[in-house]
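Heads up, there are several structures right after this.
Below, chain A partners chain B and then partners chain C, in two separate complexes.
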Partner chain A sequence: MRKQFVVKNRHGLHLRPATEFVKLTSNYNGEIILKKDDVEVNAKSILGILSLGIEFGTKIIIELIDKDDEKFMDQLKAFFDKKE
Partner chain B sequence: MGQDLKNEDILKGIGISPGIAIGRSYLLHKPNEITYAKKLGSEDIPNELKRLYKAIEGAKDRVLAMKSDLNNKLDKENLKIFDSQYIILSDPIFIEEIISNIKERLVNAEYSVKVTAENWTYKLSKIPNQYLVERATDIRDIALLIIEELLLFGEENKFCLIEPTIIVSEFLTLTDIARLEKEKVLAFVITHGGYTSHAAIVARSLNIPAVSMIKNAHIDIKNRSNIIVDGIRGYCIVEPSKKAVTLYTKKRDYYKNKLEQLEKLNKYDAVSIDDIPIELQANLEIVEELPLIKKYNTGGIGLFRTEYLIDYSQNLPGEKLQTTYYSRVLSADKKLPVTIRTFDVGGDKMIRRIEEYNEANPFLGLRAIRFQLLHPNLLRVQLRSLLKANKYGNLKIMFPMVTTIDEIKSLRKITKEEAEEIKKEGGVIRPYKFGIMVEVPSIIFVADKAAKYVDFFSIGTNDLLQYTLAVDRGNEQVSYLYNNFDPAFVRLLKLFMEKVEGFNKDVSVCGEMAGDSLGFILLLILGVRSFSMVPWKIPIIKKLLSTLKISELKEHYKKIKDIETAGKVEQYLKNEFKENLRSIKEFGFR
Partner chain C sequence: MDSTSKKTNKSLTLSKFLEELRGFILLDDLTKIGDSEKRTICRPEFGQLGLLFLRYFKNYKGGQFYITENQSDSYYYNLSYEKKEEFLSSIKHLDIPAFIICGKKPLKKEIELFKKYNFPLIYSYEKRIETINKIEIYLNFIFAEKKHIHGVLMDVLGIGILIKGKSGIGKSEVALDLLERKHRLVADDLVVAHRRSEFLIGYSLDSPYSHYIEARGIGLIDIRSLFGIQSIRHKKRIEILIELIKGDDIDYKEFDRIRVKSLYEKILGIKIPKYIIPVTYSKNLANLIEVIALAHIANIMGESPINSINESIAKSPKSKVNTSYIDTFYFISDNE
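Right, the complex of A and B next:
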């Protein structure tokens, strides 16, 4: 399953929020892809995420490869909605 | 004392943590020095991968250990660095790349870690918004962790210091400090890293002397050299003579002893021998310094610079970020006044927008409020953020480089408009003070007029002196003119005090002169009763103050006003206050 999110953190996905994000994705048992424009990275790789330079307002797509998990997507939504 | 050091090999830098140390140097190794490529045979690969996995796990353990080690010494925000390091050490892509480098290039793990880290440092440096990856650029530091695990293998995690040692390094990270047995560290000598680097802050809070900006320190100083570190003057003396060692041993012991006495002074209030209270406040630059206002029992913050906010991206930050930042500053002590200066950009502090104007003479050009009044939207964002962050009513807003009354009126108007705007949006405006820096001579001549529009004045002696004598202190050929005791400057200060007399406005001094013993005395003579300085000088100035009889000081001006040269003014003060100065002489003060 895949879903689009908008990054609401005012300062973008810099080191600290990216750290929190990877803590979340590490809980998912399986492969996750994060997509910005046409570039895909492993959503469990903090360096991969940082290298995309995700700023405030960026649209990104998360794709769960191995198994669907609505609850997990909700957690991600709550994360991306955070402003700080 | 200058005479005594004539024949010594002195490396000069800046003091980033005061104190004196004498001991042997120990050079902290960095990955680029110790990491070399070693060719492996394909049969070595399984074993090399095992080494790598073990090292990564070891490095992770170390990060956790460092975090718990510094748990009480750093605040929550700073501790999060370790979480990020842990996550980077667990990064699947990073580890995969290290592995494939080992397998494909047939090189040792140390080298593979190094090139992988370099590759990612490069990749992240290409992102347009550098703020996003600001702290992540420390991948080198993380690579170092793994490499040291590879090299140490199974040994004790900490750097093993055999004896109390002076650490010499090109740069110093928080993790470096965490890995050291701090009770065995006498001092730090660093090639790069300013007064506000994390390492400097930690060094100061641990009371470890440190000097920085010493060119090629890590190359020129050999391992296990005898060195003296003078964190007060920013000196490092390599292989000193017996005479210098004797001199500095005395200085060190004296300083230590006095420091202990001064620590005791922190609990007292700043009063003169005749019981007149004097305001001693702190000049601060970054939020990590905020605990110092309590430590030194200060009367608040007399100058909080905001330029640090601009450093990362060279762009001015947005309202939310600024509000959060100022809230932290203002809540450091809710009862004490906190003076926050608006962006003092231009001059030697450039940002991209100003560079676009390409000035021939930046110190006379588009600086500080001149820039902000030209771009009022940026000023408005800062003012809104300040007013919103003012939850306890202890905010003093200070504007730098004010030249005319017109400017003050504009600034007042804009500030009021923003306050009204916030109220309209349903926000609350708590009491705040509106004030200006006195650093352009023109404002002194109309200070009686300015007094009608401001709540306070703060004299920035550094720039005021530079503009009064038309001299650039950085230019060695003319810097002899740059002297706080210049009779014209003294008279100008006196003129200012006379102009504002009777208006009942707070006047303080936040320039370097405030924290200089003779300068401090001269300012008291001129009638100044409020001072702001770098925090560590406060106990020393407090000590000096406790020997001075304020009620008698005024008389000295009658003599000083007729002295014709800077040198003689200085000499006069030295003679008249010989006894008082003796009480603080040991701290490296003149």
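Right, the complex of A and C next:
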């Protein structure tokens, strides 16, 4: 299951939002992949996400590998829609 | 699926090519046509100039450079102006990003001719052989197959070791342990593996966080400032793959404890020796990894424990009558 999101946080996914994001993804029991352009990282690793340098307005794709979870995707949507 | 693969199928624009090679090789855009952002290079190899002269366009694939030199390509330089024009007009439908010229600088008249047929002419101040060499190195790097792997890459005793495993199993902690033993970190969390002929080169993505480690409970650790410049490395050939697996997840009935058959994993088509280490409490993983590196070095030098045991079995005499006699005699006569 994969879905595209747009980062609406004005500062992008910098340190604090990235930690929040990893906190969120750690709740999911299984493998998650975050994709930007053609680079794919494990969505549970802070360093991987930080080194992508995701800025405001970047399109990213989240892919759930192990099992589909509609509810979890909604949580992610709410996270990426946050402006601060 | 722990890692993901992506075959790079990208193309490079001429303007990016010129910009990135600045400082590495001295190139001069003579024609200055100004559409270098639209021109793309799609292939890491050079076109055959002779085939253009023969007007042989079968199986032609666009997006290649052509390199000329006024001495070796004297065929072109001996043509009259009209013939040159005829030649260029016969190839104007081809998608050629640029002609690179070495040796003597072309005359203004000639530059105008290339401009007329919309072919950029780039002059290289270096010799043809060096120009080809440098451009090939760069293009091979850009067009190489790349793969992003979730893991830690360390240089242990000169051997590039990639440590993989599920998140939270303790990869970063092992890396810290190895750093304490004066080994060097190449990349944490996101390792870019890139194939160069028969080797796999690993490095970290170019970012401010490239030499950081994230350990649970501590947070982000800047390895360069804490452990010094000796503890980091920019790139390293990946020679061994170590997979950390939870001790409970291993089926010991099928687990090969002596490694009679070597285990391999293919990354981008290259076979990398793989070791699976079950993680349990009270196990010194850094020590194990050091020993693996040592065993690998010994293996390269031709010393393998399994081979030497096999050899010693093959050498020993088949009948044991005599030897057992000597043994008993030895024990009888030995007073100690």
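One rule holds in what follows: the second predicted complex is superposed on the first by the 84 of 84 C-alpha atoms of A that agree within 3 Å, B and C clash if a C-alpha of one lies under 4 Å from a C-alpha of the other, contacts with A are read in each partner's own complex, and residues count from 1 in each chain.
Methods note: contacts are C-beta pairs under 8 Å (C-beta built on N, C-alpha and C of every residue); 3 or more make two chains touch, one makes a residue touch a chain.
All values derive from a computational prediction rather than experimental measurement.
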Partner chain in contact with A:L76 - chain B first, chain C second, else both or neither: neither
Residues of chain A touched, compared between chain B and chain C (which is higher): B
Which superposed partner A:S51 touches (first chain B, second chain C, both, neither): both
First (chain B), second (chain C), both or neither touched by A:D38: second
First (chain B), second (chain C), both or neither touched by A:R10: first
Chain B versus chain C as contact partner of A:I60, first or second or both or neither: neither
Overlap of the chain B and chain C footprints on chain A, listed as residue numbers: 41-42, 44-48, 50-51, 53
Chain B-facing residues of chain A, complex: 10-16, 18-19, 22-23, 26, 41-42, 44-48, 50-51, 53-55, 83-84
Chain C to chain A touching residues, read off their complex: 1-2, 4, 6, 8, 10, 148, 150, 167-168, 188-190, 204-205, 207, 209-210, 212-214, 220
Chain A residues within the chain C interface of the complex: 31, 33, 38-42, 44-48, 50-53, 65
Touching residues (chain side chain B, partner chain A) in the complex: 80, 83-84, 87-88, 90-94, 120, 123-124, 127-129, 131-136, 139, 318, 320-321, 324
